[in-house]
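Supplied in structure tokens, the structure appears directly below.
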Amino acid sequence: MKHLLSMEHLTNDDVMTILNRASEFEQGATPQLDRTYTVANLFFEPSTRTKTSFEMAERKVGCTVIPFDADFSSTLKGESLYDTVKTLEMIGLDAVVIREKHDEYYNELLEGINLSIINGGDGTGQHPSQSLLDLYTIYKEFGKFEGLNVTIAGDITHSRVAKSNAIALQRLGVNVNFLCPPEWAGDFEAHHSWNGLIEESDVIMLLRIQHERHRVNANFTKEEYHKEYGLTFERESKMKDHAIIMHPAPVNRDVEIASELVECERSRIFEQVRNGVFIRMAILETILKER
Amino acid sequence: MKHLLSMEHLTNDDVMTILNRASEFEQGATPQLDRTYTVANLFFEPSTRTKTSFEMAERKVGCTVIPFDADFSSTLKGESLYDTVKTLEMIGLDAVVIREKHDEYYNELLEGINLSIINGGDGTGQHPSQSLLDLYTIYKEFGKFEGLNVTIAGDITHSRVAKSNAIALQRLGVNVNFLCPPEWAGDFEAHHSWNGLIEESDVIMLLRIQHERHRVNANFTKEEYHKEYGLTFERESKMKDHAIIMHPAPVNRDVEIASELVECERSRIFEQVRNGVFIRMAILETILKER
Amino acid sequence: MKHLLSMEHLTNDDVMTILNRASEFEQGATPQLDRTYTVANLFFEPSTRTKTSFEMAERKVGCTVIPFDADFSSTLKGESLYDTVKTLEMIGLDAVVIREKHDEYYNELLEGINLSIINGGDGTGQHPSQSLLDLYTIYKEFGKFEGLNVTIAGDITHSRVAKSNAIALQRLGVNVNFLCPPEWAGDFEAHHSWNGLIEESDVIMLLRIQHERHRVNANFTKEEYHKEYGLTFERESKMKDHAIIMHPAPVNRDVEIASELVECERSRIFEQVRNGVFIRMAILETILKER
């Protein structure tokens, strides 16, 4: 694997290999890299957990991390992403993690760039490392994918997580349902009410209302959204015994989910963050050891 | 010691233990940590010396430091401080240093957070690592606290340094006087003229006029402040032979102190910065070795 | 060498020593430093390649790098550059790389500062590490300087690269020509047309049109600039067989140079970036080993 750009490029085997390696890291395995690789994190959009998680994973697999301040780089002088990344390649970097606001920004990098690109989120496109950690969280919980019922609820069309996850989950045999307000469905075939979904779901995966990308207020207040589409205490009480709650975070408390449910027993929201480090170690090792 | 939040939580013994350990580090002692701890510095307000000093101290005690760009984090998306810090805990951090503009921001973190919090300054509240380095500077100079006369001059009510220091110094037997314009005294019993204070002080501790927090110009020009309340050449010439000048910096030259006195013989202003690294090594070691 | 501030301070011997050491590093030599030095990069203006290149070189020679966020430092509170740098010295830094918008900002640092200063670009003044990597690129190509024809084309008066390079190249026996619009010549004796220059140049060194410092549009559109003064396909086809193209980057594609020439066979634009890391390793080693 040279790059990690989109879940669409990974076979089920690729996915399972990464999940199994993450599991080994979680159990204490030592990364197997033959030299010190040098990487940088190019985040052109704000991020805490993805960036920090990669920073941690990079150090855990033994990389040297070169700081890159997207906010203060030559892109401010109008330099293209290609020229910026090519420059980093010439400086000696082996891989870069990029978050950028344009969908499939990486297409302009595929020709002429020799370092490895790990997509840390492209616009409303994909977010494969998040998707892999979500899959890992589910797999750790249930030991399988086949036959599980997963409901993805929220701002589906603007969510790179929804897209990445839907593709991967369905291919792994999961029955995926979507829930969102009618105005937000886009091309997705979606439910517009929780009726029936709560009771049958093994996983309820809530999505962040992206105030940055979408004006929630045009359609409803936060309170209205929570009441109609959020995970309230009442809805949570109807979930199956073993069912779990997931959210890629950051959470809008009392919008997507009642604040006090964020750390309830069936919530895996912070566990997802923990799992992310192991998944990113596996991604980095997989990509770097092939260089 | 799990956290370092406020000087009020430290006994005189706690203080002396940290001061003595800092002294050992200054004399070349090797930090005694049993593993590599991982930390981050969350500075939500501009800082050069506190942040850089912690960055240096962290490396000197052998920590891995994960970069955190407060200016570009998910707090911009409205994430709460609790959720940000909990995320960093799940990513695997052992401790965070936080500077935040709200007084006692840490109260919302005490329940549910397991990593260690070192307060790098809370609003107009406390700044314990600065206070400890000030105490260390005084102790190194005089070999004792009991019976010393310390004058703290400037924007007392808005200064976290004044508060932290006053508490600690008085408890250690120091006679503390305050000097400030009448309008700025707040709850402090303060002098409003240097008369008598200059001649009897062993330590004159100047505070920064915080243009950020306080409009100096509402009451006087910088020149007027310097003339009435600043440390002029004339006043300096009346200080006791062995008396020293301190300032937490950054200094407003020719406001709190005549510019050419900043590096005069009795000034410990840059020495304080040097001492800060040893103090922060002692703080980090004390907290991390108990984890 | 305590500091590296300007090419004017370096003899030809100094230059050749650094170039030869860079060449050794390119061939795999191991840096010879007797301890771990601590450095920081103070970039008060946006930069990708210079900052990242120093970050890489610093790690390659074994330095500890303390992060410094110029955008979020106490300079925002009005602290002088002297006080900032003195603070970093007291914290224990051995050297700082500084980019600052004021010409010869370093003059206020020469007295009282003991750490080493490496100039990463001062206003419209000098940019010695860029100049040295340019010299290295030429020397690697031709194995000599004496008798070469170099044309420097573009915004000469606002370019620190033009100034640094002109001084050094002429002293090394290079015949330097300048090309620019008449309005931009300033004190330079410059050509205003490519006639004859293209055919006789061994090196064509293009300069970035600095939208930040200069209003190109006041005089011509980008298209007009490219047609009159840029390196078009037609002009490139008239270059000598062995002649090379250089540019300090970031490139304004289709302004200074036709976009598709940026990576053409005779372009050394990205090779310059690669060379920069070896040059900066040589600079750092030279300065640090004398401390």
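Read from first to last, the chains carry the letters A, B and C; within each, the first residue is number 1.
Operating definition for what follows: contacts are C-beta pairs under 8 Å (C-beta built on N, C-alpha and C of every residue); 3 or more make two chains touch, one makes a residue touch a chain.
In this text, all values refer to a predicted model and were calculated from it rather than measured experimentally.
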Chain A on chain B, rotation in degrees - Cα superposition, rounded to nearest 5: 120
Same vs different contact residues, chain A with chain C, by half of numbers used: different
Centroid spacing, where centroids are CA-atom means, of chain A and chain C in whole angstrom: 40
Multi-chain contact residues (two or more partners), chain B: 67, 69, 71
Touching residues (chain side chain C, partner chain A) in the complex: 43, 46-49, 52-53, 55-56, 59, 67, 69-71, 211-212, 249-253, 262-263, 270-271, 273-274, 276-277
Chain B residues touching chain A - in the complex, by the definition given at the top: 38, 40, 64, 66-69, 71-80, 83-84, 86-88, 90-93, 112
